[in-house]
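Both complexes below contain subunit A, partnered by subunit B and then by subunit C.
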Partner chain A sequence: MSERSGYSPAVLKLLEKYKADLFQEVNIKLVDHREINGIILPRPFYGDPDVLVLKLPNGYNIGIEYKKIKYIAVISPAKRKPLVELALPHLREDLPLVYMLSTGGTIASRIDYSTGAVYPFFTAEEIYRMVPELLDLAYIKAETVYSIFSEDMTPKRWDELAKRIYEIYRKEAPAGIIVAHGTDTMGYTAAAIAFAVRNLPGPVIFVGSQRSSDRPSSDTALNVICAVKTAIEAPFGESVVVMHGCTSDDYCLAHRGVKVRKMHTSRRDAFRSVNDIPLALIRPQQRIKLLTSRYLKRSEEEPQLLGGFEEKVALIKFYPGMHPEILEFLHEEGYKGIVIEATGLGHVSEKLVEPIRKMVKDGIPIVITSQCMWGRVNLNVYRRGVELIKAGALPGEDMLPETAFVKLSWVLKRADDIESAYKMMLTNYVYEINPRSEERFYPPVWR
Partner chain B sequence: MSERSGYSPAVLKLLEKYKADLFQEVNIKLVDHREINGIILPRPFYGDPDVLVLKLPNGYNIGIEYKKIKYIAVISPAKRKPLVELALPHLREDLPLVYMLSTGGTIASRIDYSTGAVYPFFTAEEIYRMVPELLDLAYIKAETVYSIFSEDMTPKRWDELAKRIYEIYRKEAPAGIIVAHGTDTMGYTAAAIAFAVRNLPGPVIFVGSQRSSDRPSSDTALNVICAVKTAIEAPFGESVVVMHGCTSDDYCLAHRGVKVRKMHTSRRDAFRSVNDIPLALIRPQQRIKLLTSRYLKRSEEEPQLLGGFEEKVALIKFYPGMHPEILEFLHEEGYKGIVIEATGLGHVSEKLVEPIRKMVKDGIPIVITSQCMWGRVNLNVYRRGVELIKAGALPGEDMLPETAFVKLSWVLKRADDIESAYKMMLTNYVYEINPRSEERFYPPVWR
Partner chain C sequence: MINYKEIGLKCGLELHQMLDTSTKLFCKCPPEIRHEDPEFTFKRRLRPTRSEIGEIDPAALFEFKKGRTYLYEGYEDNVCLVEMDEEPPHDLNREALQIALEISLLLNAKPVDEIHVMRKIVIDGSNTTGFQRTALISINGCIEVNGKKVPIQTICLEEDAARKIGEKEGGRVVVYRLDRLGIPLIEIATAPVINTPDEAYEVARYIGRLLRITGKVKRGLGTIRQDLNISIKGGARVEIKGVQKLELLPKIVEYEALRQLRLLELKKELEKRGVKEDDISYSFIDVTDIFANSKSKIVSRALKSEGIGLAVKVPGFAGLIGCELQPGRRFGTELADYVRFWSGLRGIFHSDELPAYGISEEEVEKVRRRLNMNERDAFILAFGPAEDCRNALKAVVDRIKVALRGVPEETRGANDDGTTKFLRPMPGRARMYPETDIRPIRIDDKLLETLRAKLPETPEKKLKRFVEEYGLSRELAEKILDSKFLQVFEALVREVKVPPVLIASTLTNTLVELRREGLDTESLSQSKLWELFRAVEAGTLSKEAVPEVLREMLKQPEESVTDIIERIGLKSLSEDEARRIVNEVINSSSEKLLSMNEKKAINFIMGRAMSKLRGRIDGRKVYKIVSEEVSKFFKEHGKS
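So, the complex of A and B:
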């Protein structure tokens, strides 16, 4: 049966053995003697094929590895599809047009209870079903660009996505473009789009979920509503990340794409601005509230596509005792640029100074950032910093290591030599550098 | 002249040309037409030999690269040594004994105005001169272990330091041992000592400076006073970092060595606990205030030395588009273990799964941590995580990537095979793992 095909042969064999089927209520006995009641669901798109998924009476889903299942008893052979279909009313094309591109991730990871497991689509209908409030807010067009985990994004895909965003803004003139994206590398992609598509007539809003939308605790609805509101109301034409600002379903924050980082593995408010404040605070029932006057306005000129990202760029974190051979290897392998996450103000061990000097001599830019993340690199304070400057390394100001990595990848496709690459690295294109550090850029003191 | 010998020939030539000497008040004209008045100082130990150092009338020091100097006019040929010598009273050996080991760093980086530039010593006299309050607090013995930048610390030096700490606790039974250390890699060394010296009768307190002690804004005095108070009063026998808790000279926090990170390049309150709360709050005029009951008590048993750190361990940060060749290179080079700073809950791109499988098959532990830093790795939520588990990688719970790196280096000197290495990695030796995540472990919401 097609809707069961997402599961592995081992799981299918188990279901056949106990004559159990999708959407039936069952009682499962585990090898550890626990018992679980629930409704068998199709395998979620992102799920492990060896794990059977049940919907529990409390609404949560649970996955059980087939090896842990001792016995399945069908409680009721009737099939109960837990989701009620919503008939969509006529869509209002008079509302502002908002484009929604999907690249995959948790936000696009849902079980389609009516048709089966695999769910690579992200249609406007579905978005309206998930968040009916949007029916009165925007006319949404949706398009699936990728259906991948965000950790599988690459510089090549940043480039393709940039091209599609550019085309849509030129041809369809939407109020804003939303990119549904896995949260893991969302910051990297948001930075890449910031450099590659410019003079934007509206924002590019990256949005994701920390909990999938078939869980009662999902953050999807609020994030999507706030993203749509930002698309329509924001005065800025920047690449931003819109996600929960706190753990409750209270408000979202719009963080500048080149200054944001996922700082927690699982919390809804995982995204934080680093060396900057968020651009705006968004509540579902209120107008978007700007938090700064320092932003790129919606442009009235033609949007610009500045695509192309060099793939032979590495982001290397320094650690005590690091062997110079890692840098030497990258040199031999023909890497075209390196961003180093150095310590403190921008230091590495003495042993690494010579390999850095050699790479720079061969025209390979070496950009120094800090693993502290907050604050600014300064190579003029200590002797090691001065040695790095003399070896030809470039201090990367207050740029995030991740942003410096994305930027160097972008710069290397348009600089002719190391001097022009360094000049571009220090040019503040989209507020990726904050010339002045402010007290409020750093998280409040713990008490 | 010996006290000038720290400067480069270019600076010395310049001084001779204008007949200027150390400790003379001068007026310097720069090539950019600015003028600066000040007293010429000897080169600081950590200073660039090409940079002439002046003490300004406001008490700050400033460095000027010799190339930027156009002209030097001697205002007064008299020599003015800016520091008044303090005659030490008789030291009170009846006070608690506190050992102070110096490894270098800003805290040990001072100009000795009486003898010249190079300053590799860290004597008890000097510490009392710097912080006279200590005369009534503790009987301090000081010892210089290294005079290095902390970015030049290595696993071998962690080991030597551990041995010295163990010896002092066994032979001299001090109330506590303070380690003056550069802040850049202080977190790594504090973690290493936590694993390598155990059953401690008192704490090991890492202390440093973000501003050197010859600057009016120095944080040295408060940090040293709080470190000494912690050495004497703390009920715990753990490796901790004691540094400013806020930007004013108000209080310090004692952070657990395996749960602390330098989070800002320059602020005094750069150190923050991650996935934990600090152990204690220390004010100079009050008794130390414990913030948790979860700590290792001062042990009444014999201290234990568990030294040895494997040097062939790498800490690799994943980034989008990362080529598998970097992992393959480490495999070929005979690395014995890798800690990966993965994204989100612990993911890497599809391309890296196979090299990881191959390394594990050859008995090389691969430990997955998160570049989010806050939160816990969980490889059971998404398919990629399950693939990593199946490839044999180990999820590193809520351990900091840096702590997991130090721990793996330590584990590899005592585990026979990958299974026992993994078992040790998940054993909670010194509270490096928090089984439960708490709301207060994450920095407060930005508003």
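So, the complex of A and C:
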């Protein structure tokens, strides 16, 4: 009955009166004597609840205000056609094993044609059907970990995901593990996995889509094919993001999870490596092409699980006129660490210096990154920077604010005091810090 | 002559008209077609998605398997991320919606209470998304054409598709230009109540006029396209896409009726011959060796590039593959259309046309023997890559089997001569699902009331008024009604004191003549027309001189109308000046005049005077002056 909930009581009463229900084919007589045939659909989430939604025989949906309806005659009972499951060609278990985990997001959802509602799905069968090319590429096992929007991801879930990845690598030894993830916070999760699962015997590949899989123009197929190729062919054992490299359905790029950011709200090629170049370029018909020799190789040793993320860490963006109360509030609330997205080389206003000093004094790490995204912070150039250093803030090198945030959460579960936390923050674990700023990093074009 | 009543012709029209809005339907790009080289390109593929019944459209799947990629071309200033499918659609353009509602009311249709934008799956690449956004605006309309009621079933508002520019790499890459994608179209579908070819024209013309009197639709070639669905008794519903010329409609209807008749005759003949579907098998025989030394260029070229020759026997079809379905189009032509769609081949050979094209009698005989044929049988030959040949012959056999059943339902494209060619199989029931990125739009009754209150006159009323009030002939009234200057005409008649007939004939006949002279009448601005008729109103320009001034206006678009009148010396003459000139003419030929009678003399002087006065003063005035002066002259010289 929840599907009826979009309608107003008046519409529901009308349906009741004529014993009509959702998905039934009906003949509706209007007050102006016209007659309309169609199938009653659930009310979409938005729109006027007094309007009955009907699918006409020609496929169009229209809305009719209940007041204009004189009579409803049910022609045929509800027929909701279940999605027919097509027989799959037999799977080739001789192909490399690739694991696909799903956390939700556009890539793992499908539209219900009758209602337009999007619901999650994620089975190996569905993936093979959607991208038949995979049948000749890999033996895929799929597993749903979460069915959530990516903005509902939490540090606790990073932890659980890390554990699952670790287990799969230990027990099943796949060529690679792919994680289907909503694109919005994909960068955060990719960074978290980079810190939490180490000595990776193969890559962990985050993949998503910017156009849902039920659309003929979806970017899913190319992204998934390239992700699977990366899982099988990549020499690296790192947490990466594989998404479209340009607006064309041409190639994908594998970006290092700790150095990638979603830089566009809607484009297929929204993901960009920041202060780094992508690890590899992948075309469906060619072998994966490495773009750098600076990467962590697939580990020969056992993978290592270093889980645990502190939840009381904040990532805040400085803006002109920002009140010190915000920092004071976080201090009072018992926050254990703060990453500040500061201006330019790493600056905040004069008023914030004192609260920062107080927090550091209480052992709370304050890490300075830049809202410029590209480039490295440096607190020695201007006086304010020097003041921040004196107050005890830590310049976060060329780390992305999001990466610094994830890293600080992770560090705080392992460091005993602020000194060791700062030391760990500046330790380069998984290439999250680039000691050299190369010319080709910016503008972010490379050949 | 076909008796259309007897064959049960039924035809419905689907008109697509571009609206004249300031932005596209789902983004803020200007709706303009451009002709320069594109400024950027990108490539995409489209994948068939499963329909709600778990099936993939076979034609769509085939297109995908061919490995088609689409190369899209764009311009920075009229293509944005929305057309590129890189940004969700913006809200539906309200200006376009308002026009669609206004047209709905003109067509006596009932708008729905809530509009739901849908996605109609189209994966030929013409939409970057793989679907066309379309919304049903109204239903249950009705018009009356020549006393006959024509129901209007649906009125939809939809986005136009990208323009196909061409193909590359042997059809593997299809090139589309994105400037047209997203331009608002109104789609008007009539019930299939049209029973003769001429009626199709009449109905289309009527709806076209109705659209144009709103003044809110685009004009010119390519701004209106018509699709037809046509069937006859015992035939099948065939859709014909993309007719741009109204005048072509009757011919298309006639030829399609003819084609279906001929296919039914073909079926009858096959029944008579006792041919059964099972007689025709998919056994393809390799005949490469027979053509190893063929003189046919097509054949030897195909074989040289590692192709093969493949043949299939068609029992009982001798003489029938060459039978004509439409002028210049045979059953064999139809088969070739199918081959082009379902394989990479450009065409096939059939036994009814051979020997020819360099294929010898001897080769034909060898094929016949290889296929174990008798004289009642026909064969089809394909040359090219092995897989293409197999696909081609499979398509041929599929189509031939259908011939035993009659007319296949399919989508066809119009040729310039009114014949049609196979485009693709009829898509299954339109696969539509809601466009979840756009919220449903509530149509409020108040808006409809406002629109209803200011609806323009219907074409019939306008025609009547033009004839009765403005004194236009029926012919001229129709001309101005169909002219792009209709709105200007009405404004001029209202504002400027010049006879409506002069304005109407200037805007229609005169401009057509000037265009035939090769002048560019397209860029003529409205303000210039106002200037022209204001000059006539003020008396500085005589109505006889209007065509000449207009000619100069087109030649020198920069020059003002006043300057033109001044320059070519067409400034109106006062009566006194005219009288002086007339007297000059009389005096210069006084002796000659005396040998004539007065009537003859008037005509003589009239001719000479007009050559000097034409365009500068009304001819009737000249006649009056000439009559008076000649008569005075005769009196003075003692004649009368």
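What we mean here is this: the second predicted complex is superposed on the first by the 347 of 447 C-alpha atoms of A that agree within 3 Å, B and C clash if a C-alpha of one lies under 4 Å from a C-alpha of the other, contacts with A are read in each partner's own complex, and residues count from 1 in each chain.
By our rule, contacts are C-beta pairs under 8 Å (C-beta built on N, C-alpha and C of every residue); 3 or more make two chains touch, one makes a residue touch a chain.
Since the structure is predicted, the reported quantities are computational estimates derived from the model, not experimental observations.
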Which of subunit B and subunit C A:D48 touches, first, second, both or neither: both
Contacts of A:D32 with subunit B and subunit C, given as first, second, both or neither: second
Touched partner set for A:R384, first subunit B, second subunit C, both or neither: first
Touched partner set for A:S266, first subunit B, second subunit C, both or neither: both
Subunit B or subunit C, by number of subunit A residues touched: B
Touching partner for A:R129 - first (subunit B), second (subunit C), both, neither: second
First (subunit B), second (subunit C), both or neither touched by A:C246: both
First, second, both or neither for A:Y319, with subunit B first and subunit C second: first
Doubly contacted subunit A residues - partners subunit C and subunit B: 46-48, 51, 63, 246-247, 265-267
Touch list for subunit B against partner subunit A, complex: 46-48, 50-51, 63, 106, 149-156, 158, 182-185, 188-189, 245-247, 253, 262-267, 269-270, 272-273, 277-278, 311, 314-323, 325-326, 329-330, 333, 341-350, 370-378, 380, 382-384, 386, 402, 405, 409, 439, 442-446
Sites on subunit A touched by subunit C in the complex: 32, 34, 36, 44, 46-48, 51, 53, 56, 58-65, 68, 81, 83-86, 111, 113-116, 118, 129, 211, 214-218, 221-222, 246-250, 265-268
Residues of subunit C defined as touching subunit A within the complex: 42-55, 69, 81, 84-88, 110, 112-116, 118-121, 123, 128-131, 134-136, 139-140, 154, 156, 429-434, 436, 439-440, 442
